[in-house]
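Naming follows writing order (A, B, C and D), and every chain is counted from residue 1.
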Amino acid sequence: MDRLLVDKLSGDPIKIKLKESQTIGLKNKIVISGPCAIENYDTMRAIAKELKNIGINILRGGAFKPRTSPYDFQGLENEGLSILKSIKDEFDMIVSTEIMDTRDVEHALDYIDIIQIGSRNMYNYSLLKEVGKTKAPVILKRGISATIKEWLYAAEYIMVNGNENIILCERGIRTFETSTRNTLDLNAVAYIKNKYRLPIIVDPSHGTGLRELVAPMSLAAIAAGADGLIIESHIKPDISISDSAQTIDILTLKDIIDKINIIGEAYGFSN
Amino acid sequence: MDRLLVDKLSGDPIKIKLKESQTIGLKNKIVISGPCAIENYDTMRAIAKELKNIGINILRGGAFKPRTSPYDFQGLENEGLSILKSIKDEFDMIVSTEIMDTRDVEHALDYIDIIQIGSRNMYNYSLLKEVGKTKAPVILKRGISATIKEWLYAAEYIMVNGNENIILCERGIRTFETSTRNTLDLNAVAYIKNKYRLPIIVDPSHGTGLRELVAPMSLAAIAAGADGLIIESHIKPDISISDSAQTIDILTLKDIIDKINIIGEAYGFSN
Amino acid sequence: MDRLLVDKLSGDPIKIKLKESQTIGLKNKIVISGPCAIENYDTMRAIAKELKNIGINILRGGAFKPRTSPYDFQGLENEGLSILKSIKDEFDMIVSTEIMDTRDVEHALDYIDIIQIGSRNMYNYSLLKEVGKTKAPVILKRGISATIKEWLYAAEYIMVNGNENIILCERGIRTFETSTRNTLDLNAVAYIKNKYRLPIIVDPSHGTGLRELVAPMSLAAIAAGADGLIIESHIKPDISISDSAQTIDILTLKDIIDKINIIGEAYGFSN
Amino acid sequence: MDRLLVDKLSGDPIKIKLKESQTIGLKNKIVISGPCAIENYDTMRAIAKELKNIGINILRGGAFKPRTSPYDFQGLENEGLSILKSIKDEFDMIVSTEIMDTRDVEHALDYIDIIQIGSRNMYNYSLLKEVGKTKAPVILKRGISATIKEWLYAAEYIMVNGNENIILCERGIRTFETSTRNTLDLNAVAYIKNKYRLPIIVDPSHGTGLRELVAPMSLAAIAAGADGLIIESHIKPDISISDSAQTIDILTLKDIIDKINIIGEAYGFSN
């Protein structure tokens, strides 16, 4: 592997400013949360309000949903973007959503702060080049069976096009194991923190697929060196439209954040 | 898995007309060949001429190349499309190339006959919907770690949007094995032929990554029930720009076709 | 990888004499068949008789069964060995069974002709050394996630201890795919035939886990270059104690052999 | 999966007494350390002395080495057992080594306290049954591609034969990723702690294959809920006979233990 822009030998670790007061990288850790899909305005607003109450400033929610079956709910699309914008303004939150089509990138940035590239589109080089032309923070999820090397090269596609505001996101890889939805690869977190410049967060929701594993694997992620977490939460997890089995309620999320802070104090970083 | 349009229970096996005289499906098998990337007009024309000489009517060649590294050759892009069109007209061949961006689909069909969806874009549902709106034959390669079920759902995305001219292509999956580039999953061929309506071809070049395995695995693919092959060939394999180690010369390709015809006679199908 | 005894550079391809008239290797191919487990004397004898009728001389049947659960049927053990011996004598067949414990190797050879090392014991180096001290033909199944390299080294353990009568057996590897029980890796067959000295057979029963895929994958295996097949069969597949879903009846087996012979004639080898 | 003896529904979590003062399970965590292989008496004694100095009471070291190649060092075998016994007596330590052959189990227990079943022998049911007949603590490593279910069934083989002193050990699984030696599956730790009775430790040395990842992954393992760690260490890692790249020095090990104790205090458990 040639020396890449993402390599520590090419520059300092990258610290990304999400808002005046909110950065990720170095000792600053973040927690992003919200439902899998934006279901409707009222539910989304209620979730955002509760998240804000427990100190979470970054809201996620899917407007465009990449579903395995064409017969499953495909998201509210542009209406979803409008809902995010409205909530962002009301609660002064940072909002993030997945973009799947090159034709949506520019338009979406009128509504949202952070672009997510989902696992299924990590190898979509046309899309990577397109977000590389913006300056928006990008969460780049690892492809479900992408090697660490391929994933870093995907980040390089964005960076070489001019955008270095990249947050890697480990979300579990596909293995032979079926007791859990995916195998969360925390080795990858420790490996990347050791040699590369980009901040990396972990998604324990998709990484495990099981609600009861979200808390321990969140703590493990932070202990392995992750710069943050992205966790699916809902005011009523059992009735969420998708990913119900891996979605936690707001109270459980609060407990996780409290425990992370204990580890944080022990290690000397702040959340 | 619900009953899908691609299921045999939903209709007859699909036979696709590529040209007046050339169909795929049922007992008609096809061989598609050509270089990994379109390097320049002269080389491409020379390859096409030799392929035509040994009876191959369907030419492949990459104009847009999805490369792991942004620093590798990304293809001749639109110039590549023009080269294909020119050769198609001169030699009366059917031409096929990979399209990676929703914005290129309509435009490309002025130049080519068959659209390939590459392994990296099998989950690119925006792209699948876009090719679903055309009537062009589509080669849908299996994602490098896509389950058979996910792959069939990807085909369903195309079909439900109105295009049933789908040729599945098994091209090897990612496993722990490193002696070969990928693991060619011929089980998938037999499985799909048993239960589903779509023709399926096999790519032994990417499926093995090793020139010396292309012949035996081509024969194995046909014996397993495949409707055809897509094989990387070049007049000078050793100097081809990409995938050199898995590219064969035209003479070797001729031998493969001869042996397939022997199996074909034994089984009662025609090539 | 250093040059090993199993490498073609170290000597001629190995041809193994199973009996005066039966060899494997070079152009001689074999078919081994029988039930997963030896259930009782009468059933085993009935199966053997039918196999003999369709020209199969090599009988398999498990006496010691490595089952995932300790609560599942563990085999008839020594009684199973006696049944095999009795049938071997009555029908003049070659018999093969799996041995799992170093303490059973010597004893078992009073009853059987061919020792099988099962997939779960491919890395059991104590057992490999022990069979290496005998001269008995050994079927060495590939570990469920063993690399080709590790598998060849396992064979080397047997060979360096003095026994070169090794028949490799590809029986499917563990991947992410769940539609089939395992992924039959025919690349491995072509790869090994290209560079190594040992004969290799294929087990399409475990390799697919599905009865309806056994015929096409048997043909594919032979087309890829395999020296033979080992296929689970039963007079009444649906009531066989284990592996029922992948066990075929004797008539289906007869059809497979007929088709293999057609391929064989085309290629110039004899069965 | 039927209800097993290892299931929490079948009884209380199991706490294992390794010595009067040393238990594992519930809130008691352990650290086992030492070199991959016992190289000679002097080196082993020097390592043991330094480990004892930093408070480690449980020594590991391989006497019988399961090596991929028959040409690699196979261990000191019985001489290795004698070395362990001598050090055990001098330093009042608990000693652990891997046993690979059913014929060695009884004999080895005259020398050692804890039997390890290595990854390659997890499916060796003859061996599992044999250690099941003893009362010795057994470290049961997960097979390199064993599902959690298969691993628990392997433990069940030991338990149903009468020995419940089983310590599971997650040591990384085989995936497509090659930047790290294996993929450490901490999901499995959280999953098993959630539903099963057995203590579970983690081997970050084999789990990563890289010295620089041992510390972060040790902390992650404890944060995920592991009951302990088994870590390869050496007084001179660079000259250790095997696994040098993943072996740490004693000072690094001391740091890891200090950090674990910080997490431990935060969570209320003792080391």
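Rule of thumb we're sticking to: a contact is a pair of C-beta atoms (placed from the backbone, for glycine too) under 8 Å apart; a residue touches a chain by one contact, two chains touch by 3 or more.
Here the structure is a predicted model, which means the values were calculated and not measured.
Steps from chain B to chain D, minimised over paths through touching chains, total 1.
Set side by side, the interfaces B-C and A-C show unequal numbers of C-beta pairs in contact, with more at B-C. Distance from the centre of chain B peaks at D, each centre being the average of the chain's Cα atoms. Centroid to centroid, with C-alpha atoms defining each point, chain B and chain C lie 35 Å apart.
Per-chain CA centroids place chain A at a distance of 49 Å from chain C.
Looking at chain D, one finds that residues 145, 149, 174-176, 178 touch two or more other chains. Listed in rising order, the residues of chain A touching chain B in the complex are 2, 66-71, 100-103, 120-121, 123-126, 144-145, 149-150, 153, 156-157, 160-161, 174.
Only residues 145, 174-176, 178 of chain B touch chain D when the two sit together in their complex. Interface residues of chain A, counted against chain D in their complex, comprise 145, 147-149, 172-173, 175-180, 183-191, 193-194, 207-208, 210, 212-213, 216-217, 219-225, 259, 262-263, 265-267.
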